[in-house]
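Okay, handing you the structure first.
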Amino acid sequence: MSEARIDVQVEHKHAPPPAEKKHPNTCPKCGSHYRDDELAAALWVCSHCGHHFPMRARARIDWYTDPGSFMEEAADVRSEDPLDFFDLRPYAERLSEAELNTGLNEAALIGQATIDGHPVELSVMDFTFMGGSMGSAVGEKFSRACDSAIERGVPLISVTSSGGARMQEGILSLMQLPKTVCAVEDLHDAHIPMITVMAHPTTAGVLASFASLGDVTIAEPGALIAFTGPRVVQQTTREKLPDDFGLAEQNLRFGHIDAIVPRAEQRDHLTRLLRLFA
Amino acid sequence: MSEARIDVQVEHKHAPPPAEKKHPNTCPKCGSHYRDDELAAALWVCSHCGHHFPMRARARIDWYTDPGSFMEEAADVRSEDPLDFFDLRPYAERLSEAELNTGLNEAALIGQATIDGHPVELSVMDFTFMGGSMGSAVGEKFSRACDSAIERGVPLISVTSSGGARMQEGILSLMQLPKTVCAVEDLHDAHIPMITVMAHPTTAGVLASFASLGDVTIAEPGALIAFTGPRVVQQTTREKLPDDFGLAEQNLRFGHIDAIVPRAEQRDHLTRLLRLFA
Amino acid sequence: MTEKDQELNLRQRLSGLSRLPLLRGVRVNGESERLERQLERLQADTSDEAIWRSVELARHADRPYTMDYVERFIDDWVELHGDRGRADDGALVTGLGKLDGRTVALIGHQKGRDVKERLDRQFGMAYPEGYHKAMRVMEIAERFGFPVISLIDTPGAYPGVAAEQHGQGGAIARSQAEMARLTVPTVACIIGEGGSGGAVAIAVSDRVLMQEHAIYSVITPEGCAAILWRDAGEAKKAAAAFKPDALHCLELGVIDGIVAEPEGGAQNDHDEAARLLRTALVENLEELEDTPGEELRRRRRAKFRGMGVFA
Amino acid sequence: MTEKDQELNLRQRLSGLSRLPLLRGVRVNGESERLERQLERLQADTSDEAIWRSVELARHADRPYTMDYVERFIDDWVELHGDRGRADDGALVTGLGKLDGRTVALIGHQKGRDVKERLDRQFGMAYPEGYHKAMRVMEIAERFGFPVISLIDTPGAYPGVAAEQHGQGGAIARSQAEMARLTVPTVACIIGEGGSGGAVAIAVSDRVLMQEHAIYSVITPEGCAAILWRDAGEAKKAAAAFKPDALHCLELGVIDGIVAEPEGGAQNDHDEAARLLRTALVENLEELEDTPGEELRRRRRAKFRGMGVFA
């Protein structure tokens, strides 16, 4: 009855469309196909139907920030394998593969930048690195982003995209929930604002921790935002799911987010918020 | 569409049973009839079916408090008629009549007492005085009870029973909402607990102010606890009402109160809470 | 009454103002002079007819609503949605924006202009979820030191089954409590109907203003008439008896000032109404901004705790 | 492993304890000695078989639940109901009572003993409303200086449509945030299943304990197996891999102590299990009670912020 409810990896969740079926540059909504450079020029948004493809962390940072202003922090923080975790493959091997495939060494990037001249701290997750799952390294990086924002007295912009906690780190991955929550509380106590951008998907342990604690929270159109994803809800409860179950649009209607902002407008929206919180 | 929604007098609300139809000592639930002394001995609860008849403020104070311990405060605070209000009859005349009929000079009594040896401050409303409506005098008395509790460092026990704000005092009656709320906030800041007992009916302006702000809130069985009473809801929205709409039992189910405590058990329940907050 | 009598009447009322406990300790220098000018300018008429005219103007279908003002004098407006629990209540709009260069949190009822919008926004009658949303935005304001502006325009809180089940009474109480705790400057203005608990829920402010033809009342005239006269048709009589107009509210010490409207009412000139409201909000904010937060809160509570007339 | 090897293994683990960042600054004098005694007493077995035995015992149908403990060691118990918004969630019990003479606020999951109660209490899986109720009681505790005791026993937060619509993720996040803000002493004990977000929501405590056969995990063994082994039947393998047992949690610095159970498990003797749990709670509270509230909060945050292993 209660198995597999929480923090399942994202392949067991709603969209994104199964990568094995379609080319990643084929729009899952309208079937339009693009070259990489076309999608990159359109901020990875389908120019035909508006579908938001996943956006890599570095591409997003390039889009949000003033040219050349980004300085990465805590780039040396990397995952370890405290449990010698081994399922069908060793965790260590999964990590190496993710590094190779993504050119990142973890599922989050943090650093300083300016946006339209406003100095900010950034924490940006990348779903391609093990489904954006949060292990000790992601928790540590996000926490350091909070500290850096406090130290510099600048707002924190946090972009989330995650299937949840990284179960290969066992209970330590669960502890990243209170860890990141405590970091946000330190931020709050210092009166530093946090603006959260929820990208597809923001789920499970990340939604149940720092992602939900922004002063202002916006989401990308169509993003899945759910603690428990639709497939697990259906398997567990046999409930009939609403069509837009867990999507950003439903979350707006139910009062969980402040706005849905298309990617092309996000930079302006953030700039406006930065002026307000300046 | 929007008339008569809020703060209507209690004759326009749910039970109590229309006084003109039955003798007040006849149980509206099971039809049993009692002499005054029988009801008084049974704490004004039907010994046959458990229906809670209204209990007068002084009788309740006698029931809760240690013999001889109650010392009334602010007994000299009385209503004025700042608007020279006149509907079918002058407000001043209604006030005099209420005084004559009830032996009280307002719809609330406040004072010091001990309960099982614990010193407390009491504020007890009496529905028989103009439907327990809250005008300037009730607001002032409740506020002074807060101040007295702060000064003496003792818990406040607040018993509510009210049809809402006293419309004969116009906007000044509405201002008793923020007035009493501010008094409770002063109490909170002084770390003085407030225990609220909601008697039938606790509605409209009283529910929308100090009655809802207790640290612990209990209700009497069958008490109507609603901002807008069932009749007005039905008239305004044409919605079908659930059977127990607005009753204590529904309020418990929906999370608005901590417990429903039969009158005979209230003294013990309060004593236990006083031990916890001592 | 002749015009002369009226003026005399007004003068007397004004001289009475300084005796009201409300006004002592709250006013700053120059405030009573401003009031005096306002009262003169208004050429106020306190007759029963004038009261009823305000009731009608306050509910006028073309009267500017919260969003009409936001569009006209809030820069960098970012609406914030949702109570983080169950719903986004369209009857209460909340957001952040700049007013005269400073960031403010704004909370306002929104009735809706056309039929569809009115239904979506429940005619400006908020559910508990609306007040929870407002409280969330107040918390942001408190954390970052933003003043809170409330624009009030509601027949009252929504009187439905779900609203009761979701705790309408408690939500209104807790919203007031939240306002009583804030240490940031707070200014409220009733811009139409200030209907009962649904209005006061967001009006526990350092300064409470009313537009010239707004009304503020414990019950609708129709509701009062239905109960006391047993005839909702006697609404005019009821209004004359409980006096929901701005002048009487000022006289009773319930509000701190009156904001003039364009000739004939705010519906006639939204731009001018916005200019006058903006000026009043900014002036009041400026007067509050130098006071330490704890002192603001102390004075705010003292003001409301001083309200009422009793023997 | 032979018994000798096991003991050696344990000794090594124990000597490692003092190096964990978690334990520095949090421990008081005498604590590590107590741990050592505990570990000895437990004659702990960290084999895969032992881990799976804990999984089974943690979910044993006769295991004592929160209310079994409340009945046995809380005096003057007054249960507090409701989230003041929408519901009273039976999966999470909250209330006030006396523990060893002091008033505490107690928060605990309750699975339900018979079929009807289990349905009423959703098998101990709380809705957002349950966490809102817990937060309300934490606020009372904070206002009056009552320590907060959490008893954790949940497969996880409820995974249903309404729970999602009501903001399950946000509720769990905010409950943790509330615990991170408290300035009163807080002690949590996992008394059965410590399932993921639904557990940690009320476990951000100064001291987090586990009963000897409790489990604490990011996902159920079955869930983990279904995903990583693509076969829920491989739960035992999954449990062996992610190690949800008390000893491993202690070793990883995630918990602060282990509470012994009666021979064979708590289900065998509820009274003795309650006696042991009560002793542990009281001892931990006593060690915390002299520390100023701000310092408690600072250390609590430092403890959780120190959790994790990375390069």
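Which chain is which? They are A, B, C and D, in the order written, and residues in each are numbered from 1.
Just so it is clear, a residue touches a chain if its C-beta (ideal position, glycine included) is under 8 Å from a C-beta of that chain, and two chains touch if they have at least 3 such contacts.
Because the structure is a prediction, the values reported are computed rather than measured.
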Chain centres computed over CA atoms; the one at greatest distance from subunit A is chain B
Which chain pair shares more contacting C-beta pairs: A-C, or A-D?
-> A-D
How many Å are there between the centre of subunit B and the centre of subunit D, using C-alpha atoms for each centre?
-> 42
Can you give the whole-Å distance between the Cα centres of subunit A and subunit B?
-> 51
Compute the distance, rounded to whole Å, between the mean C-alpha positions of subunit A and subunit D.
-> 28
Using the touch rule from the top of the page, what residues of subunit A touch 2 or more other chains?
-> 254-256
Among subunit C residues, those touching two or more other chains are 84-86, 165-167, 170, 174
Mind giving me all the chain pairs that touch?
-> A-C, A-D, B-C, B-D, C-D
Subunit D residues touching subunit A - in the complex, by the definition given at the top | 123, 125, 155-157, 159-161, 163-170, 172-174, 176-177, 179-181, 195-198, 200-201, 203-204, 216-220, 222-224, 226-230, 232, 237-238, 241-244, 248-249, 252, 254, 300-301, 304-305, 307-311
Contacting residues of subunit A [partner subunit C, same complex] | 188, 191, 193, 215-216, 252-259, 269, 272-273, 275-278
Which bits of subunit B are touching subunit C when the two form their complex?
-> 1-9, 11-12, 76-80, 82-83, 85-88, 135-137, 139-140, 143, 165, 167-179, 181-186, 203-205, 207-213, 225-228, 232-233, 236-237, 239, 241-242, 245-246, 250, 254-256
Interface with subunit C, subunit D side, in the complex: residues 84-86, 128, 132, 165-167, 170, 174
Subunit B-facing residues of subunit D, complex | 76, 78-88, 96-98, 103, 129, 133, 140, 143-145
